[in-house]
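Per-chain residue numbering starts at 1, and chain names A, B, C and D are given in the order in which the chains are listed.
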């Protein structure tokens, strides 16, 4: 089977190339790049030398050759390719935000500043977070060519961390805070001041506080995740992204006020005291619920109680690591999630969606063990 | 005037050496180091070559020579030196936690696992956060030899960020969350797995969630800061420290639920919308309150509305930068503070305290401009 | 087939685990660690969770189960395991320096400060640089159980860069300089001041100038490589290692004075001039010789003329990238080689040797594409 | 005295601002920036908040106000400002390459691809390496307004390392190799792929091998330094720059073949042996010559024998650290030099030149102690 990528020379595109070139069900790649058409992918990315010699061709040529097309393009650019794929009868997996909001054009246009190009395409699209939508993805794929709205990197880490708490009724009604930090590849391959080495090395800073475009995607996911438990709507959300001096990874620290029934009564003293055994027991109990909730998920690892998730243990893999903590006041659940922003946060999840669509083993092409350092 | 340092070869000690060697009122240093006694400080720290050739002597010898003594030692070790200073009639500025809790031995021992060694010394000690306790520090120094409990690094960043909100009544009663990240020098000079380069480079992780020893210090500060406004007690506190791959700096992102009178009513929609002008106006208003609150503070820079604090702009300086943000739900104030953990978070603040004690210009020895990169 | 590792929790051991767990011919691992016996490898290295759950057992138990044993131990510790393997009739692949010097005990003991433990074992050992010794490795393996002296990290990068120049007679008799820099994982997993994050982050320094233990190994390789061309001995060698602030990778810049017949006559001017076309032509010619020389090597990539090798393009792979340059005075060949110090410089090369011994495809288990970032 | 900077918002310009704002003889700054005219320097560089509030004005306005003008501009742009300064009778300190080659226009234009704009200006210019040209700088300044050709960053580190060897006759006639690595600020403030964080973090690579523009400047310096000893010309030079993942610093490892009289006879063995005492003695002897040579230089620190220079000990300072080593074959002197590329390699050296011109203490404004980490 031939996989096509439009936008193959951006960071997400290059990571797709790396993953698909090692995928057991993919026999060839068809790669398009506007910036480097006529060149060869391994001349742009020398790590691919000897491994992938594919020439960079026009998008139209990719659409002709491929049995599945990945769009690794800025928002608004890929819809016409999605349309052509639908007409041709092959799936389109879109890594931009264009198809992440189903038919909620109001939310999309409020945050992305433009309307849907072909609104009708949403009849064929589905939000591609497999842990939430696996059956829906398969169903839609079974009924004809499908468009995947592949999730954003921050929403993936935030949603997988909060999902069990929301679905199992651990969460109360208070505001959920997602405090997250991304490695610099999250900014893409185009040079700019923000991602210029001397500006971001050895430094840490938040950015776009309260106005990052991933906010509505996270909020929507939280609402859907909570819905099954009878919540009319999800708790209010605060999302604060940071830029951290590392290449890969997103770490999310998620604060969820507990439902009353899950709180632990902590004796008040003028100053706080170290956590009592009772708190640790409750923490272990919730960790167990998380572990059971994700028991069958191939790419979610709920860490043992007492461990803490960190970006270095998931590097180059499709894993989302989750650790479960209870704050010492007994009122708030703290989840820490770690993903590789370019794999589970982008290209890896896209491959996972392809596997679901075609009925491949869901882990095909995604079995690499994370690096030890 | 001769300044003495006990524990001169640890990271905080070495930073004290650097700052005091350039201090206009200090004519000589007396340096003690158990690990390197008999050696010379510039052989241990080659950056000091040509600049500081002071030999490393016994603590007793330092106590004899010095007119002021800094203790850069682990908790529990420095009290006897503090006692000797009091007997000798000279000030002792302690960078450990021993004197940070006034006479609240219960809190100290609950978190540090040991009792006060000489409880009576607290009659001479004062918590050395100048922005909170400037007058108290001066008063105590005026009445005899004083012991300074120099604040912890995280408590400095967290407290300066929250102070105006607490003192001006912006804060409501909800839980305050301090999500902070430190550079690796915060772990000290002793090698260990956690701070071994390959374990922490290019990676990000929280640690000691809910059980970091700086928790009660932050909480106590919040209580004191809020007290003037009639609050019986401070809001509950959640503090989550992270380790970030950088040498210097602490970034704190602080979430404070607003008092009802300061909230902004945001029209609910199924999904959140980008922040409206009304929110930005309120944000600018609160920023102005912050700017006025800290108007006369030499080391606190409240950034213009729309800016975001970052660790790189305060490197090697005693500044605490603060930026003010309002979350898009209109209910929560978000403060970002950046300090150099080894300067305002340790050695610089200690020098600031010395300046206060001796009536020097408060900025003496602390005027270096932060590096541009 | 079961692969055993003694010293599985050091960095080289952990990298062996990662590679062997994904090797198509290995069905199980047997892992020994003195420090963590009784524990499980994925509790020590959380990246291995869900992937490798092997318990850490005694070396003796590993020797009983395994069909091949890797020694990832300090020099001097592994010989007894090698001996037991020989007695049991299974190969031992040693990542220490113990078997890198054949029967030249004088050189080994001069640099490592101790004698061979069981000198007779050298009758079964062979230096495991496949590009140099492939046939010898196969022959020895065919004739009984073999011991592999797996090459050092620096010697691998230096030797592969110089090999064609030495073997093809491009090198003259002048001193060869190898100026190389290693990532910090080269220092191993044990914490120490040299590899403490704040001491080596954002900094660069040479170390052990003129006295690094890899010097005689490089020199001996050069001699062997040159021998075929009638040189009595190799040119004198200067080797200067540096420590660079990165996790993985060794970059070697190698200066080889050209044989007279290969020099380019450059017109002298008081000051040098930019390289003329003639020099670029000669550079391209030598690049072509290099490319032909390594044509059939699966893990050596000679970059196109005009490119420059860099550590980031080989990360996590067994490749050695080589770029070929001619200095503007026309007298010196400059080779740049890049390897991942933990893969081609240690664990990956060990697996390559295992593949050779057992007649597996030489690239089995080593086909991962290097990361794009 | 008012100091003017044209090009104040580039990295070299910003570093000049930081240094001059703290200079005891400078009372005000006049700053020009084409890109940010009308803005304020502390809005572009927030580290300067509270410290430097200078507005960014037109170059013409700077020329009117200032008593000395620094040009921090690309080559070819600054000559007209130099001309205006000469006409006005004030010194111009140029950080570009325009005035580094005296009247050797042939060399300049061969490497920089353009002619001198106003060749006659060279009658007033002098190459500003104080350790080489101190008296010449002072003389020219005494005779009228002077133009300083401030040295390049690599040439500073290379030249100061080789100077004693060349001047004292330690160097023979063989090729000198300068293998050097720079931090990323060396690439300037303009974003580009080469300096984009994910492309250069955690990686090491040489660049422009044999064709870096600093080659003729280094070569010319070597020739001048050797001249006093009767050498007709300097030894041939090979210069290889690398890019290292750090913000500041240049480390140079310099290989100089020793003059016969300085060589140490080392007994040949098939493989090299660790360095004998005789070598260490000779190394100490040469170190002593170096120490004496630079005895009175305020900014050159010759490290004790046995130490090794490293970039981290000179960060943020105007020091050049030099360590002296002898290679184990006894034929080659190895010098390691470390500078902060933005201070001694650019802005700091420019301030040192200003101090010389005006007869200030040569260290004025440059007394900051390097950071300990």
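What we mean here is this: a residue touches a chain if its C-beta (ideal position, glycine included) is under 8 Å from a C-beta of that chain, and two chains touch if they have at least 3 such contacts.
Keep in mind that what you see is a predicted model, and the values were worked out from it rather than measured.
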item: Remotest chain, chain B as reference, centres from CA atoms; value: C
item: Type of chain A:chain D copy interface by residue overlap (half), same or different; value: same
item: Chain A and chain C, separation of their C-alpha mean positions in angstrom; value: 37
item: Chain centre separation in whole Å, for chain D relative to chain A (CA means); value: 47
item: Chain A: positions in contact with at least two other chains; value: 11, 183, 185, 198, 201-202, 245-248, 310, 312, 373
item: Sites on chain C touched by chain B in the complex; value: 11, 183-185, 187, 189, 191-193, 195-198, 200-202, 245-247
item: Chain A-touching residues of chain C, taken from the complex the two chains share; value: 11, 14-15, 17-18, 21-22, 45-52, 185, 201-202, 247-248, 301, 303, 307, 310, 312-317, 319, 321, 342, 367-373
item: Chain D-touching residues of chain C, taken from the complex the two chains share; value: 104, 106-107, 110-111, 174-175, 177, 179, 181, 183, 198-199, 201-207, 209-211, 215-216, 219-220, 223, 233, 236-238, 240, 242, 244-249, 251, 253, 255, 257, 269-275, 279, 308-312, 325-329, 331-332, 334, 336, 338, 373
